[in-house]
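Two complexes, one shared chain (chain A), two partners (chain B, chain C).
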Partner chain A sequence: MFSFLLRKAGVWFARKQQSHEGSERVQNEEVHIVGDLNVVLKQLKEEVQDSNDIVIRRFRLGGSQGRECALVFVDGLSESRTVNEDIIRPLMRANIKLEEDSATEIIARIMHQHVYVNEIGVLHTMSEAFGSALFGDAVLFIDGVPCALSLNARGWEMRSVSEPASEAVIRGPRESFIENMRTNTSLIRRKIKNPALIFESFTIGRKTRTSVCIAYLRNVCKPELVKEVKKRLRAIDTDSILESGYIEQYIQDQPGSIFATVGYTEKPDVAAAKILEGRVAIIVDGTPFVLTVPFVFLESFQAPEDYYLKFYFATFVRIIRIIGYFITILAPAFYVTITTFHHELIPTSLLIAMAKAREGVPFPAFVECLLMIVVFEIIREAGIRLPRPVGQALSIVGALVIGESAVSAGLIGAPMVIVIAITAISGFLVPTQNDAAIILRLILLLLAACFGGFGIALGLYAILVHMSALESFGYPFLSPSVPFDLEDQKDSVVLLPNWMQVSRPKGMATDQQRKVYNVPPVGVDKSDDN
Partner chain B sequence: MTIKKKARKFIAAALTLTILLLQSGCFDRRELDTIAIVVGVGLDKGSEDDNVMVTLQMANIGAAEQTDPQSASTGASSFINVSEEGPAVNFAVRTMQNKVSRKIYLAHNKVIVIGEEMAKRGVSDVLDFFVRASEARLIVNLFIAEGEAVDILGTSTNLEQLPSSEIQELIRDQDITSTAPNVTELDFVTTMVGKATEAFAPIITIVEDNGDKHLKVSGTAVFKDTKLTGKLDDFETQGMLHIQDRFNRGVLFLTVEDTPATIEITDSKTRLQPEVFTDGTVMMHIKLNVSIGLGDQGPGINLFTPAGMEKIKAAVSDAVKQQIARSIEKAKEYNTDIFGFGQSLSRYYPKQWKDMEDKWDELFQTVQYDVEIKVIPEFKGRTSTFINPK
Partner chain C sequence: MLSVKQLSFASALFIVASSLLIKSVYMFTFQDSWISVLAAILVALLIIGIYGMLGRRHPGLCPVNMSEAIFGKVLGKFIAVLYIFFFLSLVVLNLEDTGSFVTSSILPKTPEAVVYVLMIVVCAMTVSKGHKMCMYSTMMVILVGSILVSNMFLLANKADFKNFLPILVHPPKNYALAVHGLLMLPLCEIFVLMMFAPDMDKPEAIGSALRAGILIGGFLLFIIVVRDIAAMGGYLQFTNNPTFSAIRLIEIGDFLTRLEILYASILITTFTFKISVCFYAAIAGMARLLRIDNYRIFIGVISILIIVATRGIFESTFEHNEWKRSAPAYSAVFLILLPILMLLVSFVRFGKNPKKQTASQKGSENEENTGLKPDMASGET
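Let's look at the complex of A and B:
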């Protein structure tokens, strides 16, 4: 019902937008670069006004007698050293005669002889020239030549590859993606040294012109999936893409669902593993968070470390995470329902103890619980936003206020503090589902307060129905549990050792199913000894 | 326009449904601090003949709140007993609500204690409520008080906080001594209504011990239909439990060749095998496997020897036979088939049982039995000799 409402609202907004757009839309006609440098520079000036980071350097090819030309680049995006040493210097010393050479000859000579840069492109329109310059290239306009050259001089300040902030591991690679897309693709390429690894680029966002790149393994990833991803990415028509979360909202199968059907990761090894399973990774310039699709629910319970550790332990930890997830969505609801509806479910001594704790508490259990959840969320949110040193002080105050004082002041019962504490801690076991869990927790709490155990059953049933109906790029969200596949259970709740994971997840990859080629020998192989 | 209208309709419908749902909710919501948790029930005969005096023991939440030892000495009791007389149990409980500020909540009841006079009058009408009310559980332990149930529930406790918990723990410990049957309300009622069975329940008494009053559970109250007809002492109760295959563990004090000894029965398994002769008389073959150990011994011969063991086996066999004989004798005296001989017959001889069913009362008197005991010695211990100075 909710997604229905959302879709209606979406249609309404789209209609509203269209009525606004008519006047605003500017027909961006292709302006070709003309052979007159002065005209070109005038056009350029018109477009960039006095923006102070765009540098236009005019000089003559081959010294004072040569043709006039202009090098346009963005200060800060292009590296000065490259521009000075490898572009301007050789061009100034070039032996280019004014009259003799035709435009194509000049271009060819410059490309083959005079500039020492690794990437050169020939541009024909002004918009191409702008795009190139704003990506950090140096663009060379030459008088009398009706095209421009884009010379790679990219080099800007960026964070170095460091440890991931959101996905800490004890064992496993420590590197994390950074804000630069090229570095990110290189990090993946270093994991998968295979020509079949394909990166395809898109530019999305009318104003931000953000580079977005999809990565997949040819022959492993299904062509239909790649096609679908490309289709959805091309369909995005918006002004700005500042983070992969923007993309996520546009390409989700069910934008109204509280569950994310697009995964994200900060770790190149995770992205590589997903690509190797036949998934597509979407790398967005400007954010260290790489999206992976399709995304199934059980992926939330997988940590990268699982695959590097003993599988017994990994299975155990996964079960703990699943239990933790259920605790975090159910504990407050369950506590409220047993204290207000189902007293007979608790052992007598516990009931008496709980009744003692509730004695003198002014609010009903539901209000008490809601209060505590809200207080906890306030403290959590404040802890994230505040600068780190202040955050610590806050957590101490928070712990004291909700843990100790509230109980002794008689505002809330001590068992409630325990319930909320375990709820909150369990939530951190499955960080990628934490946002959905908070909403589910509140819905179930409300249902529990209204209908007791029946309400919880009803709520869980509705959630299950909703999840079963969800898809991520045509892949069932609850797979391999719904629809059930015995073989795919190898990497679900249980995790089998790596050498037993013979095939990729069903329906994910093309027919190239095998990903393990031998079983480790048992003991010492004596046959080689003679 | 139509879309707006549709949307308005939709929102109206959604709101109505939500409000409707919320209206129906919470109707049986009860906060923990609004209920009086009943942990024990006492049923006595009222001042008038047909009346019943209901005593409910409730956990005193407010007083028990101060759990630290200093304030515990202020003397606030951890329980409250409230009594109300009425013509019927349910009526009395409802009337009692006028005296209790919180809603009486029966689901956590642990014990039902029935006063002796009440039991003699008949218990089916007073137990009806506890069987019928869905809130009350059927697995509560049932006791027959020697005297008034209200006194039992009012006895101060030794180790537990609530008298009813103490009573429940006392009956649980019977699996060590096997001198009283562990009977739940469900057992009691099913044996009472069953044609081939009769009801029985443990007896609870107040004993004085160094000037303190304590509760004690031992012996069996025996019922004929719904009425209390007689009692079995510890010795006879053990015999009954042996026949019923409810004997778990227990001790016997025997004198073997002038040597006093405590024999521990660690396990007892019984098989009842009825046999109907052509003349209609019934023979019950009672076959027991009894595992025993030597608990202690006094001066005399060393019993921890193969020869001593044989002597103990014979003595235990005799003692158990005697217990069984005494209990059957008593049951015949009260004319009540507490052993379930009838049930056993109905299973082995369903056809003949149909004829016997109606005259089982007379037939029970003529039931013959033989006892076959296999004693399995499982002697363990740190020492194998009597610590006797030479």
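Let's look at the complex of A and C:
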């Protein structure tokens, strides 16, 4: 029902938007580049007004008698060394007569002989020219030629590849994606050196014109999946894409659900592993977070390190993560229900101790719990935004004032502090699910306060029903548990060693089922030792 | 599309739900109940054979459409309405069962109506997912099954095999009554899952799916009954809820106790599943009978009707217990008599090999006009 309301609201907003749309559309009409340089430059000036980062450099091809031309580029996006040395200098020195040649010949000559850049394109409309210049290319307009050349001179300031901030590892590659899309694609390409790895790009966002690029392995990824991803990306019609989160909201299967059905990662090795499984990665310019689809719930419990470590340990850690997830959504609800409804579930001695601790507490357990959850969320949120030097003050306030003083003042019981602390800490075992977990925790807490254990059981059941009906790009969200598949359990709660991962998850990839070609691995067979 | 595996695990889960509240079998055969269970499973397999044959002869048709196809327009519609009523009554009865369990063992001070409302809300949500509700049944059966089996081992120290003695001492009528009760209450009720026939990827295999369901569910039922007898012995007759009481006995090293919470949560979730399936069967049947594509429009109204009906169905526990004695007879009409009748009429009218109808009959238009008219004519001549 909630999703129904959400859909209705979406339709309403879309209708509201349509009435604004008309004027925008007219402006985007195609204007062809004309042969007269002065006219072109006038059009350019009209469009960019006095924007001071757009440089228009006028000069003559091949010295003073040559044709007049203008080089347009954005200061800061184009590298001045390339522009000076490889474009302007050879063009000025071009020691050939260009006056008598036709437009196509001029273009051909320049392309073949006179500029030293690796990527050249011919542009026919003004919007293309703008797009190209704003991407960092230098655009060359020549008098008498009804088209323009885009010359790759891209080069801008960017962060260097550094360690990921959100997915730290002890063992495994330390590099992370950065804000520049090209660097990100190169990071993936360095992991998968295979011509079948395809990058296809799109430009999304009417105003921001963000480049978005999808990456997949041609023979492994299902063509329907690629088609679906492209379809959903093309359907996005909005002003701005500033982060991959924007894309995520547009392409989700069920936008009303609290669970994200699109995965994200900051690490090239994770993205590469997912592409190798048959998934599609979506790289958005301007953000280090790369999206991967389809996304299943279990991926939140997988860490890249699992595959680099011994599988016994990896399995153990995964089970711990799952337990942690259940603790983080259930602990407050469970505590409230056993203190409010089901005292008989607590061993007597513990019950007495708990009753003693709660003796002077003025609120019912539910209110107490809600209060503590809110306080913790406040501390957490503050901790993220806090300037680093103040951080310590916060932890002192959190630990001493809330932990110690509130208990001794009798505002809250000591067991509650323990419960909330373990809830909070467990939440960080599964960081990608933390946002959904907070909501689930509150829902279950409310159910527990109203209906006790019955409410929790029904709540969990409802969550299960909801999740098992979810799909991510046609792939069941709870796979391989729902629908249950015994073979795919090799990489679920249990993780079998890498050499036993002989097939990709079912239904994810095309016919290329085998990932491992020699089983058992080299070294297991003792017979050919000598 | 539902696979055969998913449907069989769904039917197993369906059986497990009622198995947890089973009591009537102990009233008739006490310590010999495990024999009744085995016999009931065998008989159930025979009856499932009838369902399977119906499924093979009319693949992709749910009982509602099937009765229309077999009995013709007027009588068929009447029987279809009876089936819808039966499914609705199952919803109401099971909801009542769960409600009384919850109010008696978990939330003694809560009015039953609150329990009904909460459960129906969750069921309505499940029903709105359509046949996808069977998807998670495999995982649930594995979870529930492992809990039940582990419970059996945890009760090993309380088990006494003398409790099974003496064997075969009750009058034969008691065994017959017990088998009948078991057949009707947990086992053959999976007939309701025939309503998922149009959603299956291999509709003609529905018989084998149900058979596998009986075997899995029957195994779990057998484990439950054996454990109860072994642990409880003579006390079986005095408790209102033998399984609940048996699990209460678990006590390992002063630490692993109070496992009845596990039992309670299993019971609540499996019953919610069962009620959702019956609920879906009822409203999907209505939609198919009335040729409406979207069965979801019924959810709201029927939910409210169900709550009202459940509130008023039994005035007292005594009345409830009285009903439990006659419930098997009531179910037998729909689970044994009518299917046999359907099969017979189908044989008489369509001969050995009824023209295969397409599986895509999902409650939509005129199967009478397309595939059946020629058959009817040939059947009558």
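One rule holds for everything that comes next: the second predicted complex is superposed on the first by the 511 of 530 C-alpha atoms of A that agree within 3 Å, B and C clash if a C-alpha of one lies under 4 Å from a C-alpha of the other, contacts with A are read in each partner's own complex, and residues count from 1 in each chain.
To be clear about the criterion, a residue touches a chain if its C-beta (ideal position, glycine included) is under 8 Å from a C-beta of that chain, and two chains touch if they have at least 3 such contacts.
Quick caveat: nothing in here was measured; it's all calculated off a predicted structure.
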Going by the contact rule set out at the top, does A:476 touch chain B (first), chain C (second), both, or neither?
second
After lining up the shared chain so the two structures overlap, which partner does A:409 touch, if you call chain B first and chain C second: first, second, both or neither?
neither
Going by the contact rule set out at the top, does A:384 touch chain B (first), chain C (second), both, or neither?
neither
Of the partners chain B and chain C, which touch A:340 in the superposed model: first, second, both, neither?
first
Can A:484 be said to touch chain B (first), chain C (second), both, or neither?
second
Applying the document's definition of touch, where does A:457 land relative to chain B and chain C: first, second, both, or neither?
second
What is the contact status of A:14 with respect to chain B (first) and chain C (second): first, second, both, or neither?
neither
Is A:466 contacted by the first partner chain B, the second partner chain C, both or neither?
second
After superposition on the shared chain, which partner residues are touched by A:170: those of chain B (first), chain C (second), both, or neither?
neither
Intersection of the chain A residues that touch chain B with those that touch chain C
341, 344, 451-452, 455
Residues on chain A engaged by chain B in the complex (per definition of touch):
1, 8, 12, 339-341, 343-344, 348, 351-352, 354-356, 358-361, 364-365, 449-452, 455
Chain A residues within the chain C interface of the complex
341-342, 344-345, 347, 451-458, 460-462, 464-466, 468-469, 476, 478, 481-484
Which of the residues in chain C come into contact with chain A in the complex?
3, 5-6, 9, 102, 106-107, 110, 114-115, 118-119, 122, 125-126, 129, 132-133, 135-136, 138-139, 142, 254, 257-258, 261, 264-265, 268-269, 272-273
Touching chain A in the complex: which residues of chain B?
3, 7, 14, 21-22, 25-26, 28-33, 35, 37, 39, 59, 61-62, 64-65, 67, 105, 107-108, 110, 135, 137, 165
